Structure formats: structure tokens, C-alpha cells
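Structure record follows, encoded as C-alpha cells.
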Amino acid sequence: MKHKFNVVKVGSTTVGGGPFSVWAGPCSVESQEQFSLTARKVKEQGGAGLRGGLYKLRTDPRAFQGLGREAFEFVRAVKKDVGLPFVSEITDARQIGDFLDVVDAFQVGSRNMHNYALLKELSQIDKPILLKRGFAATFKEWMLAVDYLAKGGNEKIILCERGIRTFETATRNTFDINAIALTKQETPFPILADPSHGTGIAALVTPIALAAAAAGADGLLVEVHPNPPEAKSDGYQSLNFAQFEDLMHKLPKVLTALDRKMATV
Amino acid sequence: MKHKFNVVKVGSTTVGGGPFSVWAGPCSVESQEQFSLTARKVKEQGGAGLRGGLYKLRTDPRAFQGLGREAFEFVRAVKKDVGLPFVSEITDARQIGDFLDVVDAFQVGSRNMHNYALLKELSQIDKPILLKRGFAATFKEWMLAVDYLAKGGNEKIILCERGIRTFETATRNTFDINAIALTKQETPFPILADPSHGTGIAALVTPIALAAAAAGADGLLVEVHPNPPEAKSDGYQSLNFAQFEDLMHKLPKVLTALDRKMATV
Amino acid sequence: MKHKFNVVKVGSTTVGGGPFSVWAGPCSVESQEQFSLTARKVKEQGGAGLRGGLYKLRTDPRAFQGLGREAFEFVRAVKKDVGLPFVSEITDARQIGDFLDVVDAFQVGSRNMHNYALLKELSQIDKPILLKRGFAATFKEWMLAVDYLAKGGNEKIILCERGIRTFETATRNTFDINAIALTKQETPFPILADPSHGTGIAALVTPIALAAAAAGADGLLVEVHPNPPEAKSDGYQSLNFAQFEDLMHKLPKVLTALDRKMATV
Amino acid sequence: MKHKFNVVKVGSTTVGGGPFSVWAGPCSVESQEQFSLTARKVKEQGGAGLRGGLYKLRTDPRAFQGLGREAFEFVRAVKKDVGLPFVSEITDARQIGDFLDVVDAFQVGSRNMHNYALLKELSQIDKPILLKRGFAATFKEWMLAVDYLAKGGNEKIILCERGIRTFETATRNTFDINAIALTKQETPFPILADPSHGTGIAALVTPIALAAAAAGADGLLVEVHPNPPEAKSDGYQSLNFAQFEDLMHKLPKVLTALDRKMATV
């Protein structure tokens, strides 16, 4: 079955339909300075959008839970400063109202892919949804989560493969590169690759990002931090600025080899 | 490390501390007649509590989603009629207020074990929580979900093993019998076994229920339906009344062999 | 589909058809003294057969690889002394000739379930085969391995569930209790449970052994050692003599509750 | 830790150290005509070596088991004709002698990675070993299998990632792209990618092959057949000649973008 590929408008950019979109930023927004520094680096290197966690779903209740509303104002200021759209994870349907003025796309995280109550509400709003795959969801279950959004009327859907849980413990997750190729074969939806969660090891992020591009992904969702060893969450899998520059230097070459190019804002 | 075993009071019965509690009922509450018939059978056979879904989390958006509030009044009537406590799954924090008058314990389903926003709110209330294991959660992650409840002040926690996702497709899930023994060894919490979801095949429910009892489980959460082939959800894994009678006939024998007995209401 | 249950004669005992057979002994045969001491304890406690590794398949090439032929003579002497049959793992088809005089049943280990060259040769001989499930084999693949034996003419097949590999790391493997019940439902073959490998933790062996009996297993394959902390392999999952006595005290009670009894030699 | 990268000489070519080696051919050698046709196509398109099964390990005993010795003579003739080295799977240590004159490298298949008896014998010979990862082997266990070969004296080791078993059923296996990057980071060994088994779907082979190249793989092991729908094994995952040409057209472009090139014979 052949599909027309969906193109999803997010703020001033689009995702899907050919160009390759790099969405980058810190795991958690930690301070105005940290977010601003990172955002400028992302813009400078040709990123198409910003990512950054405001509400964090942490497995350990003692771990940093995000700045929440405290950060809304400076996040808006930074977005305006660099001129890039912003995506952040929603962890509770009651955040929708507040979030509407802050994010250009709502991210549904891996642990909430099965939260159908949340999906039903997001299906009613007029903003794109970045739907991460559940870490133990089959491809088919992921597509049924898509149906929850589409059935409610929201077809502005961007998928994101972020690794699945397997018996392997050498990496945090097993990045399912097959799912990238399968999505392009079987569905009309754009798909981003998240090599940060997909590997859990900063040194593996660039090769897996390049692999995802070669397999047909429409872009990346990647963690970058000015000083990963001091990050409040996920530092071990965040690229530092030099590593991010190296990635952004190699990506366009691989894309050009496959008659593709980087997305612009 | 040796623990004192927690005993959790739920309505007129208790869970944990020695006696074996059978919580039984339909996957979904479908009508007053279906629920009433089933509840009387559960009572007659020596069950300690009722289960029944009011809000269903279904992977497929086209599947039956539960009666919701429509059923509240008759559920209260049936509870009163048979004199058994009732547990039902909460799928959204905004149901808490309404649910307080209907359920004697809130069930957190497998797909919501990682929904930390929901766990935080449930940690603030004064009702027991039946915390199912996420279908792809490690034992350690499950215990961290327990911490979310305990840290917020609610230690009335009952665990429930319901099978995990593995490569095996001959059964719906792989019932993790090791987790039953490990829970009794390592934690003070009572644990129920759900052999209905743990196998996904009605003919396997009784042997796995007996196995769970032999491994030290504090009880069962089991699906029973007056007419499984016509159930609106999960009929293939629901016991019919004759099968339930057979289970309730065998269980006390195995318990007696291990110096245990059935819980009373 | 209803099967007649196969009963497999092994030396002076039988496996399957009702009675419950406990096959016990050390992971590795380490010395005449160690094997003899253990064999007498197994006999004293009502075991139906002995187990003990002569050729070990170890993941790490630096680990103890078994005594091999060096032990053949004293193993025969110990068998004669206690009057119990003996099963041991074959790791290479070229051991068949030598082994014929030592073992009463050939064990095909988990890592060799897919070794179809070995299965074909074992299908030609007139001794029972104890076919362990591959640690990542589906139930269906296991039954196809059975077909390799049966197609070649050897239907003296005893199955053994020993745990499967999953994402869970709290236990060495996930003991698949469902597979015990499924085997009894769907096949005519006797099945033993190996709770030693199925858990990898000595303290969990007894509850899981009792669970397997309650789920319908035809017996156990269990590791016992006079001094587990000094075992050359798998000490952490071996029962000491006191633990084994406790298991053998509880087992007959659970079996009696289910109208079954221990096998005799 | 930084390694020097091993370069392994196989017949007239080498694997590892920079250039990218495509080893291609049918799943099973079925006839002289089929093998010869395929070999010529592989040579024409710039392949560095031939693959083709002579002894097949099939899960189902009723499936085609390979031509075995019957094909030895014409395989040697075809090799000579096209001037490419040949790798084939060994399924039993007793094949070593015969195989020495036919293959330029011995392939240890996924089901035999844990067959330590076989690995020990292969460690004694002076030919390269293509060591496939067990379909449920952790990265660490794979490296311990490498130790069995190296400890015996054979360091001519080429690794091959061929997909692992997970809960996902949309593809035959989950190709572990992380393992490619991890191997290049942590070990000195060359690694090939097998996208045929890694996906089990011909339409996904090319994107995954390109991804593996981008992630740093040293080459491919890929199934090609003149007429996949009529193949005696694995037809659904074999490229036809047009698909293979398309792959061989795209590969050099991606490699050039990363300052690499195709291997020559």
C-alpha cells in the first residue's frame, strides 16, 4: 500500500515530506542560562526545533521532577530570541491549558503512549502531537495509539522511535531501527529518531543518528547539554556541544548521498 | 532482611498476613444483571471481594470503553446486596472524587503503573491501592512505583502480578511466578496473582492460580463471567461459573497443605 | 484435543502419568565424595533420580568445564550404591557412545535445544531424552525440537521448563509457569520443572518447586549440593541439605491436596 | 579504551580496517545454476564474497535441510569461475575436515553461538570464523564466545549482528543497530550486518543495510536469490537481482559521505 506522506506544520517549520528536522535541547530545562545557551547552539548548528522537559516522569520519586510553570516565561523568551519552535512532554491532561501558550507541539512520552485518557483529550486540540513509542509497545499497538488521536480529529501526528526494552543490558534500550523503515513503508506519518534514549550512551548517539537518517527517518529528537556531567537528568546520554557539532557536520553529508537535505525553519 | 508483613484493611475484609483472598468478577461491568449474578456466585463460593471494570483502557479505540458513571448506582446496590467490598480500575486522576463512594480500593492498572502523576494523587487519599505491575516493568521499577505511593503517605498498598511481556506468544503474557516468591521474600506488601491476564487462556487460569497460592501469593484477582463467549471484553480468559467453582474447590486444599486458609469477609 | 499421557521408563523408575518425580543432585559432579554424599541424601529424602553435570557448557571459557570421563567410574559406583537412575547433559554427539553406559537418560541442555544435528543423532538411540527448553525458544519451537526426536524414532521424551530470558534482571531467568500448564493441556509428554535455573536464587527454589507441582508438573530437576558456597558452579542457586529436606517435606502435602503422590523408584 | 582494528584476510579479500565488504548469495545453495547465476550477479555488482548454505539448521524437521556434500564440487567450480571467496555455515564439528577445501571462512550460526564444543574445535584451525550473534545472546555473552575462539588460538574473527529476539512480531527479529556501534567502540573486531535475518522482510533490507553502513559496520551478509518466491528457504527476506542492484547503487554514496569506500577482491 502506498501512502502520501503527511507533512506536519509545527510553528515556523514543518516535519516530514523529505527534509530532515533536528529537534535538540536538554533533557530537562534547568535554568534560563542553561536553556538559552543550548538553544543558541541548536540554532547555530542548523536545528529545526527545540526540545526540553518541563514536567519530568521519573521512575524514582526522589529524582528531579522538572521546573514546571516556573520556567514558562523564560522558555517563551528563549524561543523568541532564537526563533525556533519548541516541543515538551505533557504528563497530565490538566496541563493542556497552560501548555498551549508554551509549546508548539505536545510530546506524549513513552510511559504515556498507553494513557488513552490523555490521548483522547489531545485528539481534541489543534496542535501537533509528537507520539513516542511505548518502550514495550509493539508496532501495532503504537498504530492503535495513533488511532486514538486520529479518531478524535487530530491528524497532526509525528511519531518518535526511542528504543524498546529487551534482554540486552549493554545499552539502556534497543533502538529499533526496523521500526523506522517499517513506518516509512507502511504509514503516512513522519517519524523522528531519539538516539539519546535509544542508546543511553552519548558515544553511540551520533552513529545511531546517522543510521536513522540512512534508514529513512524524518529527523531527530536529541539531547544536548552545555555540561552533561552536571545535568540534572540523563547526562550520560546527552551530547556536549562539540559532539553535537560533529553530528551536525556529518548529517548533511549522509542526507545528500541519499538525495535529501536538512529542514529549514 | 526480614519484614513484618503488612495487612491492608479493605472494606469489611483484610488482605495479607496469612489468609488467602479471592477477588473475582467480570472484566467489565456490563449490566446490573450480569454484575449481580456474578457477585452472588463469588459470594456463594467464598470470595473475599469483587472486581469489575467501569472505565476500561483498551488498546483499540474501537473497543468497549466501559459503562463509567452509568453503573455507579447499581454497583453500590450489588455490593450492599452481597456484602462484599469492590475494587475497580481508575484511569484518570479526575475520577478520584466520584470513585471514592463506589470503590473500597483503587486499582492502578498495568498501563498506568508508570503514570507517576496519578500515583502522586492516589498517595494523598485514605483508601487502599491495588498496584498492578507494568507489563514491562522490572521488579525494581515496580518497587519504585510503590515508593511514589508510600512517599506521599499512603502505605495501604496491595501488589498484583499480572504477567509480563516476553517473546512468547503462545500465552497472552508470561505470568512471572518468580515475582510472587520474590515479593514475599523481599517486601512487606501483600500480593495478589492475576492468572486471567497472566495467561490469557481460561483453561490455564486454575493451574496458575493454584501455583500462585503454592508460591506464597496472598490472593487472586480473577475474571469470572456468567457467559464468557458473550463478554464485551476478555471473554477468552474469563472463567465461567463451573470453572470458578472448580477453582474454589481446589484452592482450600492446597492452602491447607501449606498451613494456610481462605480469607473471610 | 485430549492426549493420553506418555509414561517414560528411566532405569528402575518412570516419569509421567501421575506420580511426581524428583531428580536432584549437584550442578557439576565435582568428586566422588561430593556426589556420593549428595546421592545418599537424595535417596534418603525420596528422590526418584540423580542429576549431575559431567560435561559443562559454560558461557565463560575460563569457568570449570566438568570432570568428563574421569568421573564415569565413580558415578557408576554411586548409582549402584544408592540404586537410583542418573541423567546428565550431553554436549557433543561424539559423547553418545561413552555415555550410554553411564546415564539412564540423556539431557539436552537449554543451549542445545536448537542443535538439530545433535537431536537427529539422539533420535536414533534407545534411551530417554530429557529435552530442556531453549532459554529463548517459544513453546512452538520447543515442540518442533520434540519433532526432531520423534521423527527419528525416539518418543521417550521428557520435557523440562527451566526459565526463559526476559527483560527482568531480579532473577536469573523468568520461570515460565504457564508453559507447565500449557504442556499438560496440549501435549502427551511428561514435563519436569527446573526451579534452580528458573530462578537462580536458592531461596526461591522451594516456592517455585511447589508452584510447579500445583500447576501440574510431573516432577523436578533440582540442584542440591552439600556445601553450596563452595560449589564449582551455580552454588547461588543450589539447595543445601536442610533446604532440600524442607522442600521434600512440603512437596507430598501439596501433591496429596491435588490427589497425587510422589514417584517411587 | 582504544583498540587497533583487526583486519581479517579471507581468501583474496580482507574484512575490516575501513573498506566495506558485501558478502551476498542465496540462503541455501539449491543447484549449480541457481548458485552460479547469483554468484555472477554478486561479482558484477561489486560484492567482496559469496555466502550460501550447504547444511541448514531448520527449526522444522520437515523443512529443506541443505544439499550438503552433493554441492561441494560445483560450489568450488563457481568460486573459481567468479573469483570470489565463500563462507558457509558449519552445523557440526565433524564437518570441519570436508569443509576446509570448500569454504574460505566458517560461519557459526546464531543457534550455535553457545555451542562451546564447536567453538573449541574451530579455535584450533587456521581459517577465519564468521561468528553470528545468538538471537538471544547479550553483547557480553557474544564477547565470551569470542573468547572461546581467541583462547584456543584463532583470532581471525569476524562478528555478525543478525537481529535479536524481542516482543516485537512485526519483523522477524529486531536488528540491534546499537550493537554495531558498540562493537566499533569497544572491540577490535570487524562486524558485518545481516539485514536479511535482522528484518525478515525483503523491502526493509536496503534501508537497514544503509543504516548499518552509517553506524560503522564493516560490511554486509545479505541474501540474494534469482527468484525469491521460489526459494527453498527464506524467500520472503531475500533480495531479487533488481533490489540487490539498487542496494549496491546506494551503498557507495553513503560510504563516500562518511569518507569510506567499498572493499575490493
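The letters A, B, C and D name the chains in turn, as written, and every chain counts its residues from 1.
Simple rule for what comes next: a residue touches a chain if its C-beta (ideal position, glycine included) is under 8 Å from a C-beta of that chain, and two chains touch if they have at least 3 such contacts.
Quick caveat, the model's predicted, so the values are computed rather than measured.
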For chain B and chain D, chains touching each: A, C
Selected pair, greater C-beta contact count between B-C and A-C: B-C
Distance from the mean Cα position of chain C to that of chain B, given in whole angstrom: 34
Centroid spacing, where centroids are CA-atom means, of chain A and chain C in whole angstrom: 49
Contacts with 2+ other chains: residues of chain A: 136, 165-167, 169
Residue numbers on chain A that touch chain C, as the complex places them: 136, 165-167, 169
Interfacial residue positions of chain C with respect to chain B in the complex: 136, 138-140, 164, 166-171, 174-182, 184-185, 198-199, 201, 203-204, 207-208, 210-216, 250, 253-254, 256-258
Chain D residues within the chain C interface of the complex: 57-62, 91-94, 111-112, 114-117, 135-136, 141, 144, 147-148, 151, 165
